[in-house]
Amino acid sequence: MYTRTVRLRDTDAAGVSYFTSILESCHEAYEDSLAATGIDMRSFFSNPETAIPIVHAHVDFLKPTFCGDQQVIRFTVNSLSETEFEVHYEIVSTHKSEALIGKAMTRHVCINPISRDRKPLPEDIAAWLRRWSIA
Amino acid sequence: MYTRTVRLRDTDAAGVSYFTSILESCHEAYEDSLAATGIDMRSFFSNPETAIPIVHAHVDFLKPTFCGDQQVIRFTVNSLSETEFEVHYEIVSTHKSEALIGKAMTRHVCINPISRDRKPLPEDIAAWLRRWSIA
Amino acid sequence: MYTRTVRLRDTDAAGVSYFTSILESCHEAYEDSLAATGIDMRSFFSNPETAIPIVHAHVDFLKPTFCGDQQVIRFTVNSLSETEFEVHYEIVSTHKSEALIGKAMTRHVCINPISRDRKPLPEDIAAWLRRWSIA
Amino acid sequence: MYTRTVRLRDTDAAGVSYFTSILESCHEAYEDSLAATGIDMRSFFSNPETAIPIVHAHVDFLKPTFCGDQQVIRFTVNSLSETEFEVHYEIVSTHKSEALIGKAMTRHVCINPISRDRKPLPEDIAAWLRRWSIA
(Lines give C-alpha, C1' and ligand atoms only; values in the text may rest on other atoms or scores of the structure.)
Protein backbone atom coordinates (compact mmCIF):
# COMPACT_ATOMS: atom_id res chain seq x y z
CA MET A 1 0.00 0.00 0.00
CA TYR A 2 1.34 3.41 -0.97
CA THR A 3 -0.22 6.79 -0.26
CA ARG A 4 0.16 9.83 -2.42
CA THR A 5 -1.22 13.33 -2.97
CA VAL A 6 -2.05 14.54 -6.49
CA ARG A 7 0.24 17.52 -7.19
CA LEU A 8 -0.15 20.44 -9.59
CA ARG A 9 2.50 18.96 -11.87
CA ASP A 10 0.31 15.83 -12.25
CA THR A 11 -2.58 17.88 -13.62
CA ASP A 12 -3.20 19.42 -17.04
CA ALA A 13 -5.26 22.24 -18.55
CA ALA A 14 -8.37 20.01 -18.54
CA GLY A 15 -8.25 20.49 -14.74
CA VAL A 16 -7.64 16.82 -13.92
CA SER A 17 -4.62 14.51 -13.72
CA TYR A 18 -2.82 14.02 -17.05
CA PHE A 19 -3.40 10.42 -18.14
CA THR A 20 0.14 9.11 -17.62
CA SER A 21 0.43 10.45 -14.06
CA ILE A 22 -1.56 7.49 -12.70
CA LEU A 23 1.03 5.12 -14.19
CA GLU A 24 3.82 7.21 -12.64
CA SER A 25 2.08 6.89 -9.27
CA CYS A 26 1.88 3.12 -9.74
CA HIS A 27 5.62 3.04 -10.48
CA GLU A 28 6.27 5.04 -7.29
CA ALA A 29 4.37 2.35 -5.36
CA TYR A 30 6.51 -0.32 -7.08
CA GLU A 31 9.73 1.53 -6.17
CA ASP A 32 8.51 2.04 -2.61
CA SER A 33 7.85 -1.69 -2.14
CA LEU A 34 11.24 -2.64 -3.62
CA ALA A 35 13.00 -0.21 -1.27
CA ALA A 36 10.99 -1.59 1.68
CA THR A 37 12.41 -5.05 0.85
CA GLY A 38 15.92 -3.61 1.18
CA ILE A 39 16.69 -3.20 -2.51
CA ASP A 40 18.89 -0.16 -3.24
CA MET A 41 17.08 1.93 -5.85
CA ARG A 42 20.18 3.58 -7.30
CA SER A 43 22.00 0.33 -8.07
CA PHE A 44 18.81 -1.53 -9.00
CA PHE A 45 17.95 0.80 -11.89
CA SER A 46 21.51 1.18 -13.20
CA ASN A 47 22.76 -2.39 -12.82
CA PRO A 48 24.97 -3.06 -15.86
CA GLU A 49 24.23 -6.81 -15.77
CA THR A 50 20.52 -7.03 -15.02
CA ALA A 51 17.58 -4.87 -16.07
CA ILE A 52 13.88 -5.58 -15.56
CA PRO A 53 12.16 -3.25 -18.04
CA ILE A 54 8.42 -2.91 -18.46
CA VAL A 55 7.32 -4.64 -21.67
CA HIS A 56 3.59 -3.94 -21.37
CA ALA A 57 1.37 -1.59 -19.40
CA HIS A 58 -2.33 -0.92 -19.38
CA VAL A 59 -4.58 1.33 -17.37
CA ASP A 60 -8.32 1.96 -16.97
CA PHE A 61 -9.49 5.38 -15.80
CA LEU A 62 -12.72 5.18 -13.78
CA LYS A 63 -12.96 8.63 -12.21
CA PRO A 64 -11.12 11.94 -12.65
CA THR A 65 -8.62 13.06 -10.03
CA PHE A 66 -7.86 16.63 -9.02
CA CYS A 67 -4.98 18.56 -7.46
CA GLY A 68 -4.84 17.84 -3.73
CA ASP A 69 -6.65 14.48 -3.89
CA GLN A 70 -5.34 11.84 -1.52
CA GLN A 71 -4.81 8.42 -3.06
CA VAL A 72 -3.91 4.96 -1.91
CA ILE A 73 -2.33 2.51 -4.34
CA ARG A 74 -2.79 -1.17 -3.54
CA PHE A 75 -1.05 -3.80 -5.58
CA THR A 76 -0.34 -7.48 -5.91
CA VAL A 77 2.36 -9.18 -7.93
CA ASN A 78 2.02 -12.25 -10.07
CA SER A 79 5.03 -14.36 -11.05
CA LEU A 80 4.64 -15.58 -14.65
CA SER A 81 7.92 -17.46 -15.07
CA GLU A 82 11.47 -17.31 -13.75
CA THR A 83 12.08 -14.31 -16.04
CA GLU A 84 8.79 -12.40 -15.92
CA PHE A 85 6.19 -10.97 -13.54
CA GLU A 86 3.19 -8.66 -13.50
CA VAL A 87 2.15 -6.00 -11.00
CA HIS A 88 -1.58 -5.26 -10.66
CA TYR A 89 -2.56 -1.91 -9.17
CA GLU A 90 -5.76 -0.40 -7.82
CA ILE A 91 -5.78 3.34 -7.22
CA VAL A 92 -8.30 4.42 -4.60
CA SER A 93 -9.21 7.97 -3.69
CA THR A 94 -9.40 8.59 0.04
CA HIS A 95 -10.10 12.29 -0.33
CA LYS A 96 -13.75 12.50 0.62
CA SER A 97 -15.26 9.04 0.35
CA GLU A 98 -13.32 6.00 -0.80
CA ALA A 99 -13.67 5.45 -4.54
CA LEU A 100 -11.85 3.32 -7.10
CA ILE A 101 -10.12 5.80 -9.43
CA GLY A 102 -8.36 3.42 -11.75
CA LYS A 103 -6.75 0.05 -12.32
CA ALA A 104 -3.44 -0.64 -13.99
CA MET A 105 -0.99 -3.39 -14.76
CA THR A 106 2.71 -3.45 -15.68
CA ARG A 107 4.54 -6.55 -17.00
CA HIS A 108 8.29 -6.76 -16.38
CA VAL A 109 10.90 -9.03 -17.98
CA CYS A 110 14.40 -9.67 -16.64
CA ILE A 111 17.13 -9.23 -19.27
CA ASN A 112 20.79 -8.58 -19.76
CA PRO A 113 20.68 -4.86 -20.71
CA ILE A 114 23.43 -5.24 -23.32
CA SER A 115 22.42 -8.41 -25.16
CA ARG A 116 18.69 -7.91 -24.37
CA ASP A 117 18.49 -11.69 -23.74
CA ARG A 118 16.18 -12.95 -21.02
CA LYS A 119 17.71 -14.17 -17.76
CA PRO A 120 16.29 -15.41 -14.44
CA LEU A 121 15.11 -12.81 -11.95
CA PRO A 122 17.74 -12.12 -9.26
CA GLU A 123 17.20 -13.55 -5.77
CA ASP A 124 16.27 -10.22 -4.14
CA ILE A 125 13.46 -9.73 -6.67
CA ALA A 126 12.34 -13.32 -6.21
CA ALA A 127 12.08 -12.61 -2.47
CA TRP A 128 10.11 -9.42 -3.19
CA LEU A 129 7.78 -11.44 -5.45
CA ARG A 130 7.14 -13.98 -2.69
CA ARG A 131 6.39 -11.19 -0.24
CA TRP A 132 3.84 -9.38 -2.43
CA SER A 133 2.20 -12.32 -4.23
CA ILE A 134 -1.27 -13.39 -3.30
CA ALA A 135 -1.06 -16.84 -1.77
CA MET B 1 2.46 10.91 -38.90
CA TYR B 2 4.35 12.82 -36.25
CA THR B 3 8.11 13.06 -35.81
CA ARG B 4 9.87 13.54 -32.52
CA THR B 5 13.30 13.39 -30.90
CA VAL B 6 13.79 11.61 -27.57
CA ARG B 7 14.94 14.27 -25.08
CA LEU B 8 16.93 13.96 -21.84
CA ARG B 9 13.77 14.63 -19.81
CA ASP B 10 12.17 11.53 -21.41
CA THR B 11 14.93 9.29 -20.10
CA ASP B 12 15.61 7.85 -16.66
CA ALA B 13 18.57 6.50 -14.69
CA ALA B 14 18.27 3.14 -16.47
CA GLY B 15 19.60 5.04 -19.51
CA VAL B 16 16.48 4.59 -21.65
CA SER B 17 13.12 6.34 -22.02
CA TYR B 18 10.95 6.21 -18.88
CA PHE B 19 7.97 3.97 -19.65
CA THR B 20 5.28 6.66 -19.75
CA SER B 21 7.18 8.92 -22.16
CA ILE B 22 6.08 6.80 -25.12
CA LEU B 23 2.44 7.45 -24.18
CA GLU B 24 3.19 11.17 -23.88
CA SER B 25 4.68 11.08 -27.39
CA CYS B 26 1.53 9.37 -28.66
CA HIS B 27 -0.59 12.11 -27.08
CA GLU B 28 1.59 14.74 -28.78
CA ALA B 29 0.82 13.05 -32.10
CA TYR B 30 -2.91 13.11 -31.23
CA GLU B 31 -2.73 16.83 -30.36
CA ASP B 32 -0.77 17.54 -33.53
CA SER B 33 -3.40 15.88 -35.72
CA LEU B 34 -6.26 17.69 -33.97
CA ALA B 35 -4.51 21.04 -34.49
CA ALA B 36 -3.86 20.15 -38.14
CA THR B 37 -7.65 19.74 -38.57
CA GLY B 38 -8.12 23.30 -37.32
CA ILE B 39 -9.13 22.48 -33.74
CA ASP B 40 -7.90 25.08 -31.23
CA MET B 41 -5.97 23.20 -28.54
CA ARG B 42 -6.53 25.73 -25.76
CA SER B 43 -10.32 25.75 -26.02
CA PHE B 44 -10.52 22.03 -26.86
CA PHE B 45 -8.93 20.91 -23.58
CA SER B 46 -10.73 23.42 -21.36
CA ASN B 47 -14.20 23.35 -22.92
CA PRO B 48 -16.68 23.61 -20.01
CA GLU B 49 -19.38 21.68 -21.91
CA THR B 50 -17.50 18.87 -23.62
CA ALA B 51 -14.52 16.76 -22.54
CA ILE B 52 -13.15 13.67 -24.26
CA PRO B 53 -11.02 12.00 -21.57
CA ILE B 54 -8.99 8.84 -22.04
CA VAL B 55 -10.73 5.91 -20.32
CA HIS B 56 -8.21 3.21 -21.25
CA ALA B 57 -4.65 3.06 -22.52
CA HIS B 58 -2.24 0.26 -23.21
CA VAL B 59 1.26 0.06 -24.57
CA ASP B 60 3.73 -2.62 -25.63
CA PHE B 61 7.45 -1.86 -25.47
CA LEU B 62 9.43 -3.73 -28.13
CA LYS B 63 12.81 -2.00 -28.07
CA PRO B 64 14.52 0.50 -25.76
CA THR B 65 14.90 4.12 -26.89
CA PHE B 66 17.73 6.46 -26.02
CA CYS B 67 18.31 10.20 -25.76
CA GLY B 68 18.62 11.69 -29.25
CA ASP B 69 16.71 8.92 -31.03
CA GLN B 70 14.50 10.07 -33.90
CA GLN B 71 10.99 8.62 -33.89
CA VAL B 72 7.99 8.62 -36.16
CA ILE B 73 4.54 8.00 -34.69
CA ARG B 74 1.94 6.65 -37.11
CA PHE B 75 -1.64 6.25 -36.02
CA THR B 76 -5.12 5.39 -37.15
CA VAL B 77 -8.40 6.14 -35.44
CA ASN B 78 -11.32 3.82 -35.01
CA SER B 79 -14.82 5.13 -34.30
CA LEU B 80 -16.59 2.82 -31.82
CA SER B 81 -19.89 4.68 -31.41
CA GLU B 82 -21.16 8.24 -31.55
CA THR B 83 -19.59 8.83 -28.11
CA GLU B 84 -16.35 6.84 -28.26
CA PHE B 85 -13.25 6.24 -30.37
CA GLU B 86 -9.84 4.60 -30.20
CA VAL B 87 -6.47 5.77 -31.47
CA HIS B 88 -3.93 3.09 -32.41
CA TYR B 89 -0.27 4.14 -32.51
CA GLU B 90 2.92 2.62 -33.86
CA ILE B 91 6.18 4.21 -32.75
CA VAL B 92 9.01 3.63 -35.22
CA SER B 93 12.64 4.54 -34.69
CA THR B 94 14.23 6.22 -37.70
CA HIS B 95 17.55 6.79 -35.95
CA LYS B 96 19.76 4.28 -37.70
CA SER B 97 17.59 1.68 -39.35
CA GLU B 98 13.81 1.69 -39.14
CA ALA B 99 12.54 -0.42 -36.25
CA LEU B 100 9.20 -0.79 -34.48
CA ILE B 101 9.78 0.52 -30.94
CA GLY B 102 6.33 0.14 -29.50
CA LYS B 103 2.60 0.00 -30.05
CA ALA B 104 -0.05 1.77 -28.04
CA MET B 105 -3.75 2.48 -27.91
CA THR B 106 -5.87 5.12 -26.18
CA ARG B 107 -9.69 4.95 -25.91
CA HIS B 108 -11.56 8.25 -25.56
CA VAL B 109 -15.16 8.89 -24.46
CA CYS B 110 -17.08 12.14 -24.97
CA ILE B 111 -18.74 13.43 -21.80
CA ASN B 112 -20.15 16.49 -20.12
CA PRO B 113 -17.27 17.32 -17.73
CA ILE B 114 -19.65 18.33 -14.91
CA SER B 115 -22.25 15.54 -14.97
CA ARG B 116 -19.76 13.00 -16.44
CA ASP B 117 -22.64 11.73 -18.65
CA ARG B 118 -21.82 10.57 -22.16
CA LYS B 119 -22.73 12.80 -25.09
CA PRO B 120 -22.18 12.60 -28.86
CA LEU B 121 -18.79 13.65 -30.20
CA PRO B 122 -18.81 17.24 -31.51
CA GLU B 123 -18.80 17.79 -35.29
CA ASP B 124 -15.15 18.93 -35.48
CA ILE B 125 -14.02 15.69 -33.84
CA ALA B 126 -16.33 13.66 -36.08
CA ALA B 127 -14.62 15.33 -39.07
CA TRP B 128 -11.20 14.53 -37.59
CA LEU B 129 -12.30 10.89 -37.12
CA ARG B 130 -13.35 10.65 -40.78
CA ARG B 131 -10.02 12.10 -41.86
CA TRP B 132 -7.84 9.68 -39.87
CA SER B 133 -9.94 6.48 -40.04
CA ILE B 134 -8.83 3.66 -42.25
CA ALA B 135 -11.31 3.28 -45.07
CA MET C 1 9.34 20.91 6.23
CA TYR C 2 8.44 18.38 3.56
CA THR C 3 9.99 14.96 3.02
CA ARG C 4 10.29 13.24 -0.31
CA THR C 5 11.98 10.30 -2.02
CA VAL C 6 13.68 10.76 -5.41
CA ARG C 7 11.80 8.54 -7.88
CA LEU C 8 12.92 6.98 -11.16
CA ARG C 9 10.79 9.48 -13.10
CA ASP C 10 12.82 12.32 -11.51
CA THR C 11 16.06 10.95 -12.92
CA ASP C 12 17.56 11.08 -16.41
CA ALA C 13 20.08 9.13 -18.49
CA ALA C 14 22.96 10.93 -16.76
CA GLY C 15 21.99 8.81 -13.71
CA VAL C 16 20.98 11.74 -11.51
CA SER C 17 17.88 13.89 -11.02
CA TYR C 18 16.89 15.92 -14.09
CA PHE C 19 17.51 19.58 -13.28
CA THR C 20 13.88 20.71 -13.07
CA SER C 21 12.83 17.95 -10.66
CA ILE C 22 14.28 19.85 -7.70
CA LEU C 23 11.97 22.78 -8.54
CA GLU C 24 9.03 20.39 -8.80
CA SER C 25 9.90 19.06 -5.34
CA CYS C 26 9.98 22.62 -4.01
CA HIS C 27 6.54 23.24 -5.49
CA GLU C 28 5.26 20.06 -3.80
CA ALA C 29 6.49 21.47 -0.48
CA TYR C 30 4.66 24.75 -1.26
CA GLU C 31 1.43 22.88 -2.08
CA ASP C 32 1.80 20.76 1.06
CA SER C 33 2.12 23.82 3.28
CA LEU C 34 -0.87 25.54 1.64
CA ALA C 35 -3.00 22.42 2.17
CA ALA C 36 -1.83 22.20 5.79
CA THR C 37 -3.21 25.74 6.32
CA GLY C 38 -6.62 24.51 5.11
CA ILE C 39 -6.45 25.85 1.55
CA ASP C 40 -8.24 23.58 -0.95
CA MET C 41 -5.75 22.79 -3.73
CA ARG C 42 -8.33 22.15 -6.44
CA SER C 43 -10.10 25.49 -6.08
CA PHE C 44 -6.87 27.39 -5.29
CA PHE C 45 -5.23 26.57 -8.62
CA SER C 46 -8.35 27.02 -10.77
CA ASN C 47 -9.87 30.09 -9.12
CA PRO C 48 -11.33 32.21 -11.97
CA GLU C 49 -10.85 35.46 -10.02
CA THR C 50 -7.43 35.11 -8.40
CA ALA C 51 -4.22 33.47 -9.58
CA ILE C 52 -0.78 33.67 -7.95
CA PRO C 53 1.61 32.61 -10.72
CA ILE C 54 5.35 32.28 -10.34
CA VAL C 55 7.08 35.21 -12.07
CA HIS C 56 10.67 34.24 -11.25
CA ALA C 57 12.50 31.14 -10.09
CA HIS C 58 16.12 30.32 -9.50
CA VAL C 59 17.97 27.30 -8.24
CA ASP C 60 21.52 26.32 -7.30
CA PHE C 61 22.58 22.70 -7.55
CA LEU C 62 25.23 21.77 -4.96
CA LYS C 63 25.27 17.96 -5.09
CA PRO C 64 23.80 15.33 -7.41
CA THR C 65 20.80 13.28 -6.23
CA PHE C 66 20.04 9.69 -7.15
CA CYS C 67 16.99 7.44 -7.35
CA GLY C 68 15.91 6.41 -3.85
CA ASP C 69 17.53 9.37 -2.06
CA GLN C 70 15.55 10.72 0.88
CA GLN C 71 15.18 14.50 0.94
CA VAL C 72 13.86 17.14 3.30
CA ILE C 73 12.75 20.49 1.92
CA ARG C 74 12.80 23.38 4.38
CA PHE C 75 11.45 26.75 3.38
CA THR C 76 10.63 30.23 4.58
CA VAL C 77 8.39 32.80 2.98
CA ASN C 78 9.05 36.48 2.59
CA SER C 79 6.24 38.98 1.98
CA LEU C 80 7.39 41.67 -0.49
CA SER C 81 4.19 43.72 -0.77
CA GLU C 82 0.45 43.18 -0.54
CA THR C 83 0.57 41.57 -4.01
CA GLU C 84 3.85 39.65 -4.00
CA PHE C 85 5.89 37.14 -1.98
CA GLU C 86 8.94 34.89 -2.26
CA VAL C 87 9.50 31.34 -1.05
CA HIS C 88 13.09 30.32 -0.22
CA TYR C 89 13.87 26.61 -0.21
CA GLU C 90 16.74 24.46 1.05
CA ILE C 91 16.84 20.86 -0.13
CA VAL C 92 18.71 18.58 2.24
CA SER C 93 19.57 14.94 1.63
CA THR C 94 18.93 12.69 4.63
CA HIS C 95 19.94 9.53 2.80
CA LYS C 96 23.24 8.73 4.41
CA SER C 97 24.56 11.82 6.09
CA GLU C 98 22.79 15.17 6.00
CA ALA C 99 23.97 17.32 3.11
CA LEU C 100 22.69 20.47 1.43
CA ILE C 101 21.70 19.41 -2.10
CA GLY C 102 20.40 22.68 -3.45
CA LYS C 103 18.81 26.03 -2.80
CA ALA C 104 15.94 27.58 -4.72
CA MET C 105 13.57 30.53 -4.73
CA THR C 106 10.22 31.20 -6.36
CA ARG C 107 8.57 34.66 -6.55
CA HIS C 108 4.77 34.78 -6.79
CA VAL C 109 2.49 37.68 -7.77
CA CYS C 110 -1.27 37.86 -7.16
CA ILE C 111 -3.26 38.78 -10.27
CA ASN C 112 -6.67 38.62 -11.86
CA PRO C 113 -6.12 35.72 -14.32
CA ILE C 114 -8.20 37.38 -17.05
CA SER C 115 -6.95 40.99 -16.97
CA ARG C 116 -3.51 39.96 -15.61
CA ASP C 117 -3.67 43.06 -13.35
CA ARG C 118 -2.16 42.82 -9.87
CA LYS C 119 -4.48 42.53 -6.89
CA PRO C 120 -3.95 42.08 -3.14
CA LEU C 121 -3.25 38.57 -1.87
CA PRO C 122 -6.40 36.89 -0.49
CA GLU C 123 -6.78 36.55 3.29
CA ASP C 124 -6.07 32.80 3.42
CA ILE C 125 -2.72 33.34 1.68
CA ALA C 126 -1.95 36.29 3.95
CA ALA C 127 -2.55 33.95 6.92
CA TRP C 128 -0.27 31.33 5.33
CA LEU C 129 2.41 34.02 4.84
CA ARG C 130 2.24 35.00 8.50
CA ARG C 131 2.54 31.35 9.54
CA TRP C 132 5.63 30.59 7.44
CA SER C 133 7.49 33.94 7.62
CA ILE C 134 10.58 34.26 9.74
CA ALA C 135 9.81 36.62 12.55
CA MET D 1 16.75 28.83 -32.78
CA TYR D 2 14.40 26.03 -31.79
CA THR D 3 10.65 25.85 -32.41
CA ARG D 4 8.21 24.05 -30.21
CA THR D 5 4.49 23.63 -29.55
CA VAL D 6 3.13 23.74 -25.99
CA ARG D 7 1.58 20.31 -25.30
CA LEU D 8 -1.13 19.26 -22.85
CA ARG D 9 1.49 17.57 -20.67
CA ASP D 10 3.24 20.95 -20.28
CA THR D 11 0.12 22.53 -18.79
CA ASP D 12 -1.45 22.30 -15.33
CA ALA D 13 -4.85 22.78 -13.74
CA ALA D 14 -4.33 26.57 -13.69
CA GLY D 15 -4.80 26.33 -17.48
CA VAL D 16 -1.28 27.50 -18.37
CA SER D 17 2.15 25.91 -18.69
CA TYR D 18 3.52 24.49 -15.42
CA PHE D 19 6.46 26.67 -14.36
CA THR D 20 9.25 24.16 -15.01
CA SER D 21 8.11 23.34 -18.56
CA ILE D 22 9.76 26.51 -19.90
CA LEU D 23 13.11 25.28 -18.53
CA GLU D 24 12.51 21.88 -20.12
CA SER D 25 11.89 23.63 -23.43
CA CYS D 26 15.14 25.54 -23.03
CA HIS D 27 16.99 22.27 -22.39
CA GLU D 28 15.42 20.81 -25.56
CA ALA D 29 16.86 23.77 -27.48
CA TYR D 30 20.27 23.10 -25.88
CA GLU D 31 20.11 19.40 -26.83
CA ASP D 32 19.00 20.31 -30.35
CA SER D 33 21.97 22.63 -30.86
CA LEU D 34 24.43 20.06 -29.50
CA ALA D 35 23.05 17.41 -31.86
CA ALA D 36 23.25 19.88 -34.77
CA THR D 37 27.00 20.22 -34.05
CA GLY D 38 27.35 16.45 -34.45
CA ILE D 39 27.44 15.51 -30.77
CA ASP D 40 25.80 12.16 -30.06
CA MET D 41 23.17 12.72 -27.36
CA ARG D 42 23.21 9.18 -25.97
CA SER D 43 26.94 9.07 -25.30
CA PHE D 44 27.12 12.76 -24.32
CA PHE D 45 24.74 12.37 -21.37
CA SER D 46 26.11 9.03 -20.16
CA ASN D 47 29.82 9.61 -20.64
CA PRO D 48 31.57 7.92 -17.67
CA GLU D 49 34.53 10.32 -17.81
CA THR D 50 32.96 13.71 -18.45
CA ALA D 51 29.70 15.28 -17.29
CA ILE D 52 28.59 18.89 -17.70
CA PRO D 53 25.80 19.29 -15.14
CA ILE D 54 23.77 22.44 -14.61
CA VAL D 55 24.88 24.17 -11.40
CA HIS D 56 22.51 27.14 -11.57
CA ALA D 57 19.35 28.05 -13.45
CA HIS D 58 17.02 31.00 -13.35
CA VAL D 59 13.92 31.99 -15.27
CA ASP D 60 11.61 34.99 -15.56
CA PHE D 61 8.01 34.45 -16.64
CA LEU D 62 6.61 37.43 -18.57
CA LYS D 63 3.41 36.04 -20.08
CA PRO D 64 1.35 32.88 -19.63
CA THR D 65 1.46 30.18 -22.31
CA PHE D 66 -1.37 27.87 -23.27
CA CYS D 67 -1.77 24.45 -24.87
CA GLY D 68 -1.17 24.71 -28.61
CA ASP D 69 0.95 27.87 -28.46
CA GLN D 70 3.83 28.00 -30.91
CA GLN D 71 7.16 29.08 -29.44
CA VAL D 72 10.60 29.94 -30.68
CA ILE D 73 13.57 29.64 -28.34
CA ARG D 74 16.59 31.78 -29.18
CA PHE D 75 19.77 31.43 -27.22
CA THR D 76 23.36 32.52 -26.98
CA VAL D 77 26.20 30.91 -25.08
CA ASN D 78 28.82 32.61 -22.98
CA SER D 79 32.11 30.92 -22.11
CA LEU D 80 33.12 31.75 -18.51
CA SER D 81 36.32 29.73 -18.23
CA GLU D 82 37.80 26.54 -19.64
CA THR D 83 35.49 24.56 -17.32
CA GLU D 84 32.28 26.59 -17.31
CA PHE D 85 29.72 28.26 -19.61
CA GLU D 86 26.28 29.84 -19.52
CA VAL D 87 23.37 29.56 -21.94
CA HIS D 88 20.97 32.52 -22.16
CA TYR D 89 17.51 31.82 -23.57
CA GLU D 90 14.64 33.98 -24.82
CA ILE D 91 11.30 32.26 -25.34
CA VAL D 92 9.11 34.03 -27.87
CA SER D 93 5.51 33.18 -28.70
CA THR D 94 4.77 33.11 -32.41
CA HIS D 95 1.16 31.99 -31.96
CA LYS D 96 -0.71 35.15 -32.85
CA SER D 97 1.64 38.09 -32.60
CA GLU D 98 5.26 37.79 -31.52
CA ALA D 99 5.68 38.30 -27.78
CA LEU D 100 8.48 37.65 -25.31
CA ILE D 101 7.16 34.92 -22.97
CA GLY D 102 10.16 34.43 -20.76
CA LYS D 103 13.90 34.58 -20.28
CA ALA D 104 16.10 31.94 -18.72
CA MET D 105 19.71 31.04 -18.05
CA THR D 106 21.51 27.80 -17.23
CA ARG D 107 25.15 27.60 -16.02
CA HIS D 108 27.07 24.40 -16.75
CA VAL D 109 30.33 23.12 -15.26
CA CYS D 110 32.48 20.34 -16.69
CA ILE D 111 33.42 17.67 -14.16
CA ASN D 112 34.57 14.12 -13.74
CA PRO D 113 31.27 12.46 -12.73
CA ILE D 114 32.96 10.15 -10.21
CA SER D 115 35.34 12.50 -8.40
CA ARG D 116 33.13 15.57 -9.08
CA ASP D 117 36.36 17.53 -9.76
CA ARG D 118 36.33 20.21 -12.44
CA LYS D 119 38.04 19.49 -15.75
CA PRO D 120 38.39 21.39 -19.05
CA LEU D 121 35.47 21.26 -21.46
CA PRO D 122 36.02 18.65 -24.21
CA GLU D 123 36.92 19.85 -27.71
CA ASP D 124 33.48 19.15 -29.26
CA ILE D 125 31.81 21.36 -26.64
CA ALA D 126 34.47 24.03 -27.12
CA ALA D 127 33.62 23.98 -30.85
CA TRP D 128 29.90 24.24 -30.03
CA LEU D 129 30.68 27.20 -27.73
CA ARG D 130 32.54 29.00 -30.51
CA ARG D 131 29.65 28.39 -32.91
CA TRP D 132 26.92 29.76 -30.61
CA SER D 133 28.80 32.58 -28.83
CA ILE D 134 28.09 36.15 -29.70
CA ALA D 135 31.12 37.71 -31.33
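Labels A, B, C and D are assigned to the chains in the order they are written; within every chain, residues are numbered from 1.
Everything below uses one rule, namely that a residue touches a chain if its C-beta (ideal position, glycine included) is under 8 Å from a C-beta of that chain, and two chains touch if they have at least 3 such contacts.
Keep in mind the model is a prediction, meaning the values are calculated, not measured.
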Pair with more cross-chain C-beta pairs in contact, given B-D and A-D: B-D
Repeat of interface A-C, chosen from B-C, B-D or A-B - more than half of residue-number contact pairs shared: B-D
Centre distance in Å when chain A and chain D are each reduced to the mean of their C-alpha atoms: 31
Between chain D and chain C, distance of the C-alpha-averaged centres to the nearest whole Å: 22
Interchain centroid distance [CA atoms averaged], chain B/chain D, Å: 26
Touching two or more other chains - residues of chain B: 8-9, 11-16, 20, 24, 27, 42, 45-46, 66-67
Contacting residues of chain D [partner chain C, same complex]: 12-16, 19-20, 23-24, 27, 42, 45-46, 51, 53-61, 64, 106, 113, 116
Partner chain D, residues of chain A touching it in the complex: 8-9, 11-16, 18, 20, 66-67
Contact set on chain A toward chain C in their complex: 5-9, 11, 15, 24, 27-28, 31-32, 35, 40-42, 44-46, 66-69
